[in-house]
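In the two assemblies presented below, chain A is common to both, partnered first by chain B and then by chain C.
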Partner chain A sequence: MVAQPFVRIENVTKRFGRFTALDRISLDIAEGEFLTIVGPSGSGKSTLIRLLVGIDDVTEGTIRLNGTRIDTMPANKRPTCMVFQSLALFPHMSVGRNIEFPQKLKKIAPAARKARALELLRLLRLPEDYYGKMIGQLSGGERQRVALARALAFDPQIIVFDEPLSALDYRLRKTLEKELKDLHARTGKTFVYITHSLEEAMVMSDRIAIMKRGRFEQIDVAEAIYSRPVSRFVASFMGEVNLFEAAEEQGKARWGDAGIRALSGGLALPAGWRGALMVRPELLRFVAEGQGADFTVQGRVVAEYALGSRIQYAIDTLAGTRITVERPFEQRLAAGSDAPVTLGWDRDAVHPIAEEPRHATA
Partner chain B sequence: MQRLESRLGFLSGLPILILLLLAFIMPLFVVAGFAIMPQKVFELTHLPDFSSFAVIWEQGYYRSLLRSLGLAFLTTVILFIVCWPLAYGMAKVFGRFTIVITLAVVLILFVSENIRLFGWSLSLMKGGLIEGYLRSWTGLSFETPLYDWPVIVFGMAYVYFPFMLFPLAQGISLVPDDARLAASDLGASPARILFEIEMPLAAPGIMVGSLLTFVLSAGAVAEAKLLGGRSVVVLTDDVESAFTFAQNWPLGSALSLMLIGIVALLVLVPVSRVNLDAIMGRKR
Partner chain C sequence: MRSVSNTTRIALYLYGLLILLVLYLPLVSVGFASVSKARYLSFPVNRYTSEWMVQAVTSPNVHALVLTSLKIAVLVTLLSMLLGFFGALAFARFQWKYRPLFQKLILLPIFFPQTVLGLALLIWFSALGVQPSWKTAVIAHLVWIAPITTLIIAIRAYGFDPALEEAARDMGASTLTILREVTLPLLMPGVISAGLFAFLLSWGNFPLSLFTSGLDSTLPKWLYARMVSGYTPQIPALGVLSVAGSAALMLIGIGLVRWMRRRA
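Coming up: the complex of A and B.
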């Protein structure tokens, strides 16, 4: 990080009565970054962005933008703008008046306002004749774009998104995720996005911050979150990962499932290590018994799920551990359900997650 | 099946239809009929000569009509300003405490309007509850505010308060919190939010509340009589004396008809422009 980061959130605590929503969190955001905050409901992610835009006040701590404190500034004076989950478009105004609203407040001349509004409509791939339409005449995706246009018209230093895509259907959401990333690249604005979907975060973000009970669990680039989660919580966020209970024994990993064979010396672990060993479903493959991988285990196919380009298997080992395997569709097993199989994986596919994870600060 | 259902709809609507016809439409026609009769007749069998309207113009009855409308307008504006903060609180701030206010306001309605106005009259009169005690305790005295137009406006605002408050609260509850927050986030000051976001979005409630208070105030009788003591003559006074003291039904009918016509005009224009479905709970 540079000496003076663009946004610096420092030791921020937010309490609602006796409930602590945010517990001494710190976060730096770089200029032009696309940062996504991911967490389950009640993790404090919404609270954090409400503090950032000024809808709520911080209990303790400071928020600085370019070195200037903004946490004491009223919401209507801050150079931040939020795209609400409900979008919060003004239903009594036309699309044009919605987009021009922030410019009108800045006393920009009507002609310039309109020119900018039309420019934003084009930027967001909406037809120019939408200028005169009412909000009620628009589809969900179009409203989404108008809300974005209005935020951009405000010309904020930071645009904050409060799960704006969560109400949309899957296909539209996928399209808009990509458009948002594209828009971020074209405008160069700093985006702070919150969602409960890590998948959504992965598509768009430069960095991802995972929140749990008012604290950051991990803040890192998508690739690191994906392959090197610091805790079971982060690992479980990505859906189906295989976690094996394990402990250190004579410098090596003792896998919880007795059926797992280490063929080439096992996995080295520090003394006294306890925790879970994570193996991603796509890093498992079908091998011949006792060869072709650093670790193997025998099991039975319980179920098979076609996922389009990929295929997923639920496999029970002989010791009864459920393992998820994901392969390209071309590598579909010829044998059907209940067939005996041997799974294999390599040492570098294993990511150890120690108990008692440290709390991330970045 | 379809036909049976549509007939059921008609049949279930029949009682209220008959009631409306007999109790609402018919009297209106009778009033309209008398309005065009010659002066001081008691039958509708005469040739219409529209002389009542000439009398209204010549004898300056239109002045009391304007007075009525003016006082009603003033009452509506005052009530809107007074009720907005409370209605806002009821819709957005007070939470469960709202029910206490609602009950308090509704309980007032249980006491007859006339009794409440007499109460004010006794409180405000010279030597009444307020001035009398003040004089006996401090020796100070003040002129009674009774028998003038401001006290009539006060009385109407007092009596029609709930008719503004509840529709207004309902209207304000239609304003999404996010819209207000978003406007603030986009740089709007509280005043801007009030005029550009909250008031337009609460418009159905404002409209219903204003129309109720305006229509009721324009046709109010008791306030002018009990608090104004006939020092201020409003149109309803003229109507009453035309029907009773002057025994001139055509004049009274013509005056009523004018009030009905003008109020209807003032009401229908805004109603046609605002979506009343919104306040009835249907989504916009």
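Coming up: the complex of A and C.
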């Protein structure tokens, strides 16, 4: 017998009236995995996790945990716990009572409850005297940690996060992303996290699922999402990438009208292929015309942006195509704006994205 | 903030004083009338006496009136807090098919002239064969006051993050536990202010009581009757005591809400 997946979401559809928020979604989650669902607003990611914890009911399909159906189980009977976007900390209770709330519901004795709450405060690096503070007295980051402590006090099999870091400032967010990843490693719990930031997802997750209009576009490890996106949608989600319109011609790629020269035999493509060829900005380099790379193109520098350790250039080809190049800061060009340059890249830097839409299942 | 010139400041103070004068002069004159020796309303007062105040406090007749008014007001307060609490949840918290209709219908009794409402209720009670008494007055007061408490609590319910209830459920709380541990404590300041309003509105209500309390007389009803036939300074004396009692209650209520807010 094949090993039972920990969580199996199978053919789940959710409709609100005539609007289909989720369209026959399937997803397996392994025990102890950190899975992040990424998508723009309205892609259905929030809907999916609300179905998972039971706040909303599925229209069609099943959700199983260790082989047992949980989609028919009311939210207060499911071994899942959600950390809400608003955190949903009770403003009329102290930090201690907030953390103890799920244990109190489980009828755990007050002394044991308090001991566990203090232990969780320590785990989340909050001072023990925060036990008696009210929620209104805490900063954003501290509230975040209290919400996490409360979720851990519930001791769920799956902890689900609904963009809990989105309201925080950039630096605090970066710190908490790493803390969350550490916490995941230390507790060994299954985390399902949703965000609209692929960057955030890449820091933390074992696997990333990209959602678009109620369907999964791609489910894979971060590295694969980054370098081998299945669609333009996934590719553009990662920020600035170069996409060249292309088509197959006599078994090779014809690179649109950007004036790209293939020096060493070009790129092989299957017959009838149409789509976009992706080259990441950091895989482009400055070369001498007609040598040193599999592909070259001539252009001129339009703008230069310092990004700290790296530097980014906007370059227009002679045919007028805008290309983004990113290099380590040490490789900064001596010549200034409007300088003529030649860009080069290699065959294995090119990732072809075929035109026909595909949908991922895993 | 921009600083205000002295002239503007003086003008503002004078304006504020004028408003206070207009609002409180009648009350002050009633105060004077209640300690006047003369049996008729006159101003200025020539000779003072505490006779009417003492009479107002010691008269068994007044005790009976206060008791009836209190009985009605306390019952109306408790019932309208209860109705208002659940009404507010239906008004502001839950999405249901007839909510827009409910939100409009609940406002109607507030806009209805009270005398007409009182008469309509009296006709309705007699059609049902119910003898008007202080009990029917409670129902009449509720028709007018419960919508008001509903609105007051609904304002608080609108400012309530639905995720709080969802989170409680997610962590295993039953509907009853959520109500007791989350919803009720968070709406409590609203419920208390609503109760305060309910008490004061019922305590001072005349038009509804006039039609629906039958032979049982409330304080405002009796004051009116005495005003029409047989004025004595006991009337302003009772009025002053009633206002003082209401003000004290208001202060207690405001203190209570403040205290709860500080805790939250």
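The definition used in the following text is that the second predicted complex is superposed on the first by the 359 of 362 C-alpha atoms of A that agree within 3 Å, B and C clash if a C-alpha of one lies under 4 Å from a C-alpha of the other, contacts with A are read in each partner's own complex, and residues count from 1 in each chain.
Everything that follows uses one rule, which is that a residue touches a chain if its C-beta (ideal position, glycine included) is under 8 Å from a C-beta of that chain, and two chains touch if they have at least 3 such contacts.
Note that the structure is predicted; figures quoted are calculated from it, not measured.
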item: Joint occupancy of chain A by chain B and chain C, clash or fit; value: clash
item: Contacts of A:Met134 with chain B and chain C, given as first, second, both or neither; value: second
item: Contacts of A:Ala75 with chain B and chain C, given as first, second, both or neither; value: both
item: First (chain B), second (chain C), both or neither touched by A:Gly54; value: both
item: Contacts of A:Pro102 with chain B and chain C, given as first, second, both or neither; value: both
item: First (chain B), second (chain C), both or neither touched by A:Phe90; value: both
item: Residues of chain A contacting chain B in one complex and chain C in the other; value: 53-55, 75-78, 80-82, 84-86, 88, 90-92, 101-102, 105-106, 136, 150, 154
item: Of chain A, residues touching chain B in the complex; value: 53-55, 74-78, 80-82, 84-92, 101-102, 105-106, 136, 150, 154
item: Chain C to chain A touching residues, read off their complex; value: 161, 163-164, 166-174, 177, 181-182, 185-186, 263-264
item: Chain A-facing residues of chain B, complex; value: 176, 178-179, 181-189, 192, 196-197, 200-201, 203, 284
item: In the complex, chain A residues that touch chain C; value: 53-55, 75-78, 80-82, 84-86, 88, 90-92, 101-102, 105-106, 134, 136, 150, 154
